[in-house]
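Below is one structure, written out as structure tokens; comments come after it.
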Amino acid sequence: MHISTNPWVWIAAILTLAIYSFLYKDNPFYKFAEHLFMGLGIGYGAVLLWYNSIIPRLWNPLAHGTSPTRFFLLIPIALGLLSLGIFSRRYSWLIKYPLAFYMGAVTGLSVPVAFEANIFEQAQGTILKHSMFSNPWLGISNIIMFIGVITTITYFYFSKQHRGLLGKSARVGIVYIMLAFGASFGYTVMARISLLIGRMQFLLHDWLGIIK
Amino acid sequence: MNGENISFWEKLGKIDRRWIFLIIGLVVFIPIAFGLRMTVHVSPAVKSAYDTINSLPEGSVVMISIDYDAASMPELQPMLKAILRHCFDKNLKVVLINFWPLGLPIGNQGLEEVAREYGKVYGVDYMNLGYRPGDIAVMLRMGTEIRSVFYGDIKGTPLDSLPMMKNIHNYDDIAVVVGLEAGSMGDAWVQYVNARFKQDLILGVTAVMAAGVYPYLQAGQIKGLIGGLKGAAEYEKLVNHPAFGHIGMASQSWAHVTIILFIILGNIGYFMERRRKRGL
Amino acid sequence: MLKKQIPLAITFITGVIIVVTFFIPHPPFGRLQQDALTWYSVIFGFTMLLGVDSLVKFHYTKLRRREKGWWFSIVFYCGFLLSFITGVISEIRFGDAFNINSSFMYFYNTILVPLQSTMFALLAFFIASASYRAFRARNIDATFLLVTAVIVMLGRVPVGYMLWHKLPDLTSWILNVLQLGPMRGIMIGISLGTVAMSLRLILGIERTYLS
Amino acid sequence: MIMFILLSTITVKAFDTPNDGGKSITIKAYNVPETVKKALVYRKTEGDTTYTLAGVMSILSYRFMDADSTIKNGKPYYYRVDFYFPDTVISVEADSPGIAYAQWYDKTKTSSLIFLIVFSTFVLVFIQLAKKDPEGLYIRKIPALDAIDEAVGRSTELGKPTFFVHGLLGITDAGTLAALTILRRVAKKVAEYDTPILVTNYDPIVMTASQETVKQAYTEAGRPDAYNEKNIIYLTYEQFGYTAGVDGLMVREKPGAIFLQGYFFAESLILAETGHSVGAIQIAGTTAKEQLPFFVAACDYVLIGEEMLAASSYIGREPVMLGSVKGSDWGKVFLLAIIGIGVAIGTIGSILQSAGNGALMNVFEKILAFF
């Protein structure tokens, strides 16, 4: 047994145990770790933002850039300043301008993503092709999957009562959804257990030195 | 007599979840603490990864890409160590590279640890390139000259002052690239480096990703695939050095079985309760 | 007008322009999508101040009123200053806070990473308690959930192979066939829903908080 | 001799990269023998005496896109590709120079454009129809949304606060917007019942949007005086730091109802299990399909994917909103019809093909390529 002499390992180990103590019940150790975590997180977020966006996207183009379009960046700066209006009771409504810009941006950005990445790719994958029937088992599997896609979509049909054929199809859709959710859940268990194994190894190997 | 039995099963159905936490904790803890192992069955995908490295002549260069951070460390670090052991055992030269800046210290720690075991010398037998931003651009530029992106190693030492780097300039000088992946960089290795340079590739990925990467193996775009802790354990078995992968696998298996037992007990409790309620 | 119509107009114009430019590669339109994201991150920089302000005030009030557990707010401030100051220093010294030799990276690895990993690893416990509680054959739907979960769980460890050597194959069939179909359906639904919502936003029907 | 054969077979073409914003030339090689190990592309333009290295060509697709920052539109560029064989190197020049220019329309996106037009038409038409005849509109039951009132009501009876936990994505995510709509409903109920609410945020912009939303809801409920900005709090900008914070608040404040709404990642189950342990009614909603199983397992009610996006129409029940839902449903019918027609043509086509007629199969291939 070789207990670590590195004070940082000790700090990490104590913080690890502090978080785990939450599993028993809320306690001052967890509260300590939680508040430290939130403090570090916001400082970390601020540094990350600075490093990943303000410097490369705002400072560099404005200070060192030569492109005439760089002055367009003054618009988001202005919108950003408007959002600070929230500090004043009288001008707090100014925040609606940057928010309105966001709304427009959401719309503009999500529509292409929806088409390009999801709808077409998924629909194309769903269409049964000759090659999907190269052997009987594969064929059956693909038909089963095809029914799964179709019935799930009918479950999300909102503007009609789920009765008759639509009702039956939506019902099958829900069964498929449940089967899929169960599979996803079971699939993830392994990865989650390995996380705990990782922490145990840290405690028993790096910290306490019980195992090699 | 039945009264007591029923209430026992029913209690089981509503057991305080902290007991579950305790049992799961113990089931994972005991195999690790006491080094319990599990017999591991080597899959063809891992065997093929092992064979690829095993067939390399002494002195060949293996590049290992650390494309993960602390979150996936439990699964991928054992793989890294097993592969490093294999390489050092076969006197292959190792170049580490990082595409996840936060994985830098993790990869370096694993490299130094295994190198020490084998008495290998930095700059002669192994080295670490570190991280340069640019992802795919970095990958592609290394195809012509590594020095066009990496001016120095992880500590800033110029590459030409490291003896082993004298003859390493681009992918032509690298026998195999091993990508240890927790995200999309594995796809980039296949789609850019394999496609453009016919570079031999092996991928080690997290368990969640394994199914998605499998088609690359079937298409022959990668030479081998190591998936999750299970894959790491298989590789450990092949290099004859059972370590965390093996121990972890025992914990993993027992934890799965325990969870399934919980589900069964929960259902028994539930049906007992329902039967009693119907009886009333 | 200033408070209602102009914001709606901004949304309409931004939305339409970005959707239309999706089909036009010619400059300057081709880059507008990217520019919108840049703008987003710039505005985000300012609103981050609002977040920091909200937090700092929240903890300051706790401290001033000596509320129960007030000293945890001191812990919060310590964490905040620690990461922020080391981040700024590292940025100045190395030009990159995530340089392997920087103090920020050091704190990141010794304090933040163990906290993250441990919090993440709580899932091992919660996934157990959730499966114990939720996977009961209460009704037919719950039974379906239960059955595939158990098969997949078993099929992914060596024990499953020992029980029945075909179990890993069945598991991958479930994942590739039974799971893929409905997941595709769900994704198509989400995508269509997103487009419909976008149209409502552009038309000013869906106003959330702008009205 | 071998050299001669290789030289005569390989051809290289340089042309403007299609469907782009210009400043890029594509180089493609044809009839390249499989033994090639590496292919380097060199470029020169008017005024240059020697070629300079432009990059490495893929030896699977034999394509290379030269988008170097020096390339200008309308100027000719000459290319040479060096093919490396095990024993020799062969240089082939492109038969004509490549000239880059920008396109006004991206042809690869035609399918998106058509679908967008069809879909928008459906939505707009049904909105118009809804305005004329608001009676015939229907929306199917969404139990998770019906449960909002019940959850807030029970929380009030127990004298416990209501929690609203936002997901991690910013306001550019449709799920986040839907979450704000749901928040509005929750806040209105909370204001009516005069029970405390706490809204936790990961994203500062979502926080400000939430403040506006809750303020509006309190005004609608006729209690603007009761609105307190301090109830909409920002926690931290770190995934698991946020999780730790929300968990801490849950066990200390013991809410009677918890809404987990938005785009979540791995923390979904940590939050839902902690929420369950304090005995709260939990209503979750997310468009993150990977996290849905965990919410379904641990929460009382779940809005699955698109159900969440339909929330505003369901809650508001305004005719125009319901009209848009109907329009989007017709979009689904349209999509299913395309899939159905595709399958039909594919099936008949493959039968005909085996009988010797491949024409219909070609149509099918075109349909697939259209997507």
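For reference, chains read A, B, C and D in written order, and residue numbers begin at 1 within each chain.
Assume contacts are C-beta pairs under 8 Å (C-beta built on N, C-alpha and C of every residue); 3 or more make two chains touch, one makes a residue touch a chain.
Just so it is clear, the model here is predicted, and its values are computed rather than measured.
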Chain of greatest Cα-centre distance to chain A: B
Interface with the most contact pairs, given as the two chains involved: A-C
Centre distance in Å when chain C and chain D are each reduced to the mean of their C-alpha atoms: 14
Geometric centre distance via CA averages, chain B-chain A, whole Å: 22
Chain A-chain C separation of Cα centroids, rounded to whole Å: 3
Contacts with 2+ other chains: residues of chain A: 19, 22-23, 31, 33-34, 37-42, 44-46, 49, 83, 86, 96, 98-99, 102-103, 105-106, 109-112, 115, 119, 123, 126, 146, 150, 153, 156, 177-178, 180-182, 184-185, 187-190, 193, 195-196, 198-199
Chain C: positions in contact with at least two other chains: 19, 22, 40, 43-44, 47-52, 55, 98, 108, 112-113, 115-117, 119-120, 122-125, 127, 129, 131, 133, 135, 145-146, 149-150, 153, 156-157, 175-176, 183, 186-190, 192-195, 198-199, 201, 208-209
Contacts with two or more other chains, residues of chain D listed in rising order: 109, 112, 116, 172, 174, 177, 205, 208-209, 212, 235-238, 240-241, 244, 292, 294, 296-297, 304-306, 310, 325, 332, 335
Touch-based graph of the chains, sorted into line, ring, star, complete or other: complete
In the complex with chain C, residue positions of chain D that touch it: 19-22, 102-106, 109, 112-113, 116, 119-120, 123-124, 127, 170, 172, 174, 177-178, 180-181, 184, 201, 203-205, 207-209, 212-213, 216, 230, 233-241, 243-244, 266, 269-270, 272-274, 276, 287, 289, 292, 294, 296-298, 304-306, 308-310, 312, 318, 320-321, 324-325, 327-328, 331-332, 335
Complex contacts: residues of chain A adjacent to chain C: 8, 11-13, 15-16, 19-20, 22-23, 31-47, 49-54, 57-58, 69, 72-73, 75-77, 79-81, 83-84, 86-87, 93, 96-112, 114-115, 118-119, 122-123, 125-126, 141-142, 144-153, 155-156, 173-190, 192-193, 195-196, 198-199, 202
Footprint of chain B on chain A - complex, ascending: 23-24, 187-191, 193-201, 204, 210-211
Chain D-facing residues of chain C, complex: 19, 22-27, 30-31, 40, 43-44, 47-52, 54-55, 58, 61, 112, 115-116, 119-120, 122-123, 126-127, 129-131, 133-135, 145, 183, 186-190, 192-201, 203, 205-206, 208-209, 211
Of all residues in chain B, those that touch chain C in their complex: 17, 20-21, 24-25, 28, 38-41, 70-71, 73, 101-102, 104-105, 108, 130, 154, 207, 211, 230, 249, 252-253, 255-260, 262-263, 265-267, 270-271
